[in-house]
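Shared between the two complexes below is subunit A, which has subunit B as its partner in the first and subunit C in the second.
Right, the complex of A and B next:
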């Protein structure tokens, strides 16, 4: 792992710059929040920090989407399903952490179960009082879903737009399922009213900073892991699959296996992103499964520029910042702006913002020569 | 429906079970009878159109065989059957003595030692020449191995060797998409060589090549025969004459004539098929 990190820093300038930038922003923002008092010009508010942390989890989701779409041509329009599953696994742990501090004061059952007159904990809620188990489930739950779904889809050679459509159906089916009260995941309201994480108060400033830093670390680790995969021979195979699937098969690669494991890995990344997202926003509900969210994640990648990883991060930050801004300034037209952004980026920026930057850099270099 | 079929297969006296053959299974193809490919009574139909009609053909070990025939004669379909892309309705296809091609998937067939060059050059455009050859290299192609694979000196040597054979050494870092048409064809042949196949299927190797390129390709293919068995599908009769020892003429999905090029060219049936009614 360290050897591969060293080789990335040596050979891959763009990723090194990105990692450096991420480190600088994370360290400065955290320090500015902790060291300077509120009201100081240099103070970064906890709200801003939370927002940045949230963007970082979105960015990790975008990286997961870019890994399979940009490098292997698998357009998943259901990737937030894995994000939400990771989020629910974390949410269940946070619910169990509430203990008897809930509205009904039941030492074991979360409030919504007491409200539904349940008297015992459903079997799948056992174990979530332990952090290590929940953390494992953050990875395992999305991985299992991705494995089963991917195994069926890739083995039957479902590709292209058909694959995209059934991933939409998948996430929509999960949305409907999680809406149901008898599923035992809080139904419509989802899981909320979290109190603490690993014994630290979620409202405390230091906890927020720790979560923000964790998100940044997860994002950096995700990008490094993806880089490692892409620069291996495995990475060249998946790009070959993207460009010519049947040719790759004739050379003797079991294309289905390659796609499957890449898909599972990507789902796990999305799960981690979801798990970090939930404690920062304080709620997880079935709305996270909405098909539109998955499409949005694809828009981030398209806007940033696919097939570069850091482009996905840029896209996630840009679009979400625009979303935060527009939903406050012009709440009615936000959806039109999103649609317009997608149309404009496909028409005029086929390589996204990253492609535009590269073009400008090239022009500058040519001008200098 | 499934079960009686399976039972029937089980009861079939001709059926050779895999476990009987364990000694001969594996990557090495058994050519103890000097025949590398058996195609017998193969029929394929697409929506009623018979692309192959009781095709029977044998390819000898180390042989260089040319297959000619007018459009729609079933040349490409035959390649598809051999490589596992198309399953025939009837017939048998054996690779050497022990490998039943009809029970193998495309990657398994490639692994067993059958390599194919397509009609249109389909190199990986976004990969460099070097990477194209690396991808095609014979070896363990499972997910975990490729994830942690390191290039060994022997592999590097092999890639350099092949680049020399196909004459693309100066272009090793160029994207395959930027190569000329002839260079792509060679790269594709190089990829075929990297797989180290026992049997090479080459579909129209000189289409769109300049005369010089054609000549070099002919030399290349002739030099490969003997060590490998080579099957070439080609339209260009001059090219066929320059390389072929044995020629098979396909017509309407079955073999019309087979033999040395001079005999075949003077066969009245062949002349009729080629020069028309």
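Right, the complex of A and C next:
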């Protein structure tokens, strides 16, 4: 593992720079928050830290999307389904942690179940009082869904646009399902009012910093893992599938299996992102399943530049920063800006911001020569 | 007035007679008492003088009123006046008496009472009818004479009603309506009595049946009487009533027969009731099935309408247009705008909206094609993203222009209302028209694609772009026109949708996933497939809904399609031949 990390750092300059930058930002921001008092010019507010942490989870989701879209040509318009499932698994753990501090004070049942007059915990809520089980479910739940769905879809060679449309249908169906109170996931209010995580108060500053650092670590680990997969033999086949699926198949590779495992891995990454997202924003509701969210995630990748991983991260940060800025400063403009971004990035920036930067750098180099 | 003179004895006798004839009641006793109080002192003055000669003394005037009231013994006024302060049970008795006396204008008063339009003046105690009509000032009428009271400015208080009283009032009005010359009014009255039967009215209905000539009214009368006769003590009467009710579909009939099958003692009646019930049940489930099918077709027609434009842009051209829903939204807003321009001609505005919406959405579609899509041919995933961006922009444009709130488009009169086939099967006109409209649009598109030179070129380009180009088809123009055609049809779909739901910026979003599902399910590039898939999914959905609920039904459908595409990814009706490989 360390050897491969070293080889990545040696051979892949862009990723190394990105990882270095990520580390520096994370360390500096955390220190600035903890060491300098509020009001100091160097202080980074907890709010900003929370925002950065949220962006990092989005970035991890973007990396998951980029892994399958940029390297394997699978455009999933339902990736937030996995993100939300991971989020719900974490949310269920956090709900159980509330214990008898809820509004109704029931030691076992979450508030919404008491409200619905349920007297026992549904079977699928058992075990979520243990962190290790919830953490496992963060990975397993999206993985199972991705496995079943991918197994069906790839085996029948559903590709391209068709795949995109049915993934959209999948997340839409889940959206409708989670809106139902009978599902036992809090209906349209979702899960919220979380108190603490592993015994640490979620409102405490140090917990927020820890969550922020965890998000950064998860993002870095995600990028390294993806990099590792792509530079492996497995990854070569994956890229071959992207470039010519039938040819790869005719050479003798089991294309379906390759795609399936990549898809499952990507879903697990999205699940982790969701699990880190929920404690930082403090709520998870069915709105996270909305197809538009999935499409937005694809746009982050498209804007950043697909097939580079760090491009996805850049895209996620850029677009989400713009969203935060516009929705507060100029709410009417935001949809114009986002829509325009879709159009412009597909028409004029097929390689995204990263492609643009590369081009500019190349020109400079040529000019120097 | 035959009687000009009055003796207290005669008065008392007549009042007592009236009192005994009817059920005794507090109101009645009250009136009796006041009558006596008025009459006794009056008698002292009037004992040996003819009334015509009586000087204008106050008491005498009162007596004159009383005299005139003797036959009919109770005046309308004396019944109405205490209403304001009466309890609900007293009011009910007053209603009973009004029905019995049949004063002229009583129906009007009762109807006003039912509509909560009956008032009394707090100072004078005068009873008023206030009719409110939209856009005009309230008009006031005297309840007893029916005269309009122009310039009334008193303190009118409402005479309150409650549920029991309103039920009573409906029955009372029905009694008046039974004598109406208009058969429709009589029919309504009988239906009312059928819903709220009371024992007293049944003999009246039997009388009515003898003189009645209108067949529909006779039918309704016999059914109502038969339902009543089910309670008869005579087994033969019950038997013939059960036989009369054979094949009737109403809920009341069904419930009564069902009770009869459980509680009936007489074996002959019971067996008759059982066989009648099975027949009724069979008929009812047949119509219920018919209704489900119609609702399914109606829902399907919305699906087909929204998907059929997509079947052209996606199916024929292979372009994923995520802004399709927003083109429908534009069509709906076009309808709204045109209706705002001509608020007096709702029906005409809808008709004009069809070509207008086609043009608006079609032109926007062509602009999208020329501005964006044409640079992205052969890159479907990029097209998807770019058009999604367009959809966001269009939504925001509409929000900026028309506000984010929903707008409602009025439905012309000929499209509102129900077409009632029988008691349990009714079709709403707007859904029926939209179903027909869908079929017309579909036929029109089919004609364009199969019978015009544009259609020929569209098919040529979609099958083999290079070859079409080689033989001189201007492919880029065809592309633009095809895209415009598909977008224009989306606009037309928007006109239809504006008749079913509110028009808002999110109108399109809610249909886009469904539309894609229909096109993919039906088989890309196949208009017939879209039609059958749309109607099929619509009916399937409505069959599932009663068992699973609307949301779960939708989830089932989505999962079903996802699984179906795994099995047959070319849809129900796959394209054949070389062109199929490109999709």
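As a convention for this text, the second predicted complex is superposed on the first by the 369 of 369 C-alpha atoms of A that agree within 3 Å, B and C clash if a C-alpha of one lies under 4 Å from a C-alpha of the other, contacts with A are read in each partner's own complex, and residues count from 1 in each chain.
We adopt the following convention: contacts are C-beta pairs under 8 Å (C-beta built on N, C-alpha and C of every residue); 3 or more make two chains touch, one makes a residue touch a chain.
In this text, all values refer to a predicted model and were calculated from it rather than measured experimentally.
> Applying the document's definition of touch, where does A:229 land relative to subunit B and subunit C: first, second, both, or neither?
A:229 contacts subunit B only, not subunit C.
> Which partner chains sit in contact with A:261 here, subunit B, subunit C, both or neither? Use first/second/both/neither.
A:261: touches subunit B, not subunit C.
> So, A:105: does it touch subunit B (first), subunit C (second), both, or neither?
So A:105 meets neither subunit B nor subunit C here.
> Using the superposition on chain A described above, determine whether A:298 touches subunit B (first), subunit C (second), both, or neither.
second
> Could you look at A:340 and tell me whether it touches subunit B, subunit C, both or neither (first, second, both, neither)?
second
> In the three-chain superposition, say which chain, subunit B or subunit C, touches more residues of subunit A.
C
> Touching A:122 in the superposition: subunit B (first), subunit C (second), both, neither?
The answer is neither, since A:122 touches no partner chain.
> Does the superposition put A:239 against subunit B (first), subunit C (second), both, or neither?
A:239 contacts subunit B only, not subunit C.
> Please work out whether A:252 is in contact with subunit B alone, subunit C alone, both, or neither, and reply first, second, both or neither.
In the superposed model, A:252 contacts subunit B only, not subunit C.
> Touching residues of subunit A toward subunit B in the complex: what are they?
Residue list for subunit A touching subunit B: 229, 232-234, 236-237, 239-240, 243-244, 246-255, 257-258, 261.
> Which part of subunit B faces subunit A closely enough to touch in the complex?
For this pair, the touching residues of subunit B are 83, 85, 106-107, 110-111, 116, 118, 122, 124-127, 131, 134-136, 138, 141-143, 146-149, 191, 195.
> Within the complex, which stretch of subunit C touches subunit A?
Per the stated touch rule, the residues are 320, 372, 375-376, 380-386, 388-393, 395-396, 399-400, 509, 513, 516-517, 520, 551-552, 554-555, 558-559, 561-563, 565-567, 569.
> For the complex, which residues does subunit A have touching subunit C?
75, 149, 152-153, 155-158, 160-162, 164-166, 168-170, 172-173, 176-177, 179-180, 291-292, 295, 298-299, 302, 332, 335-336, 338-343, 345-347, 350
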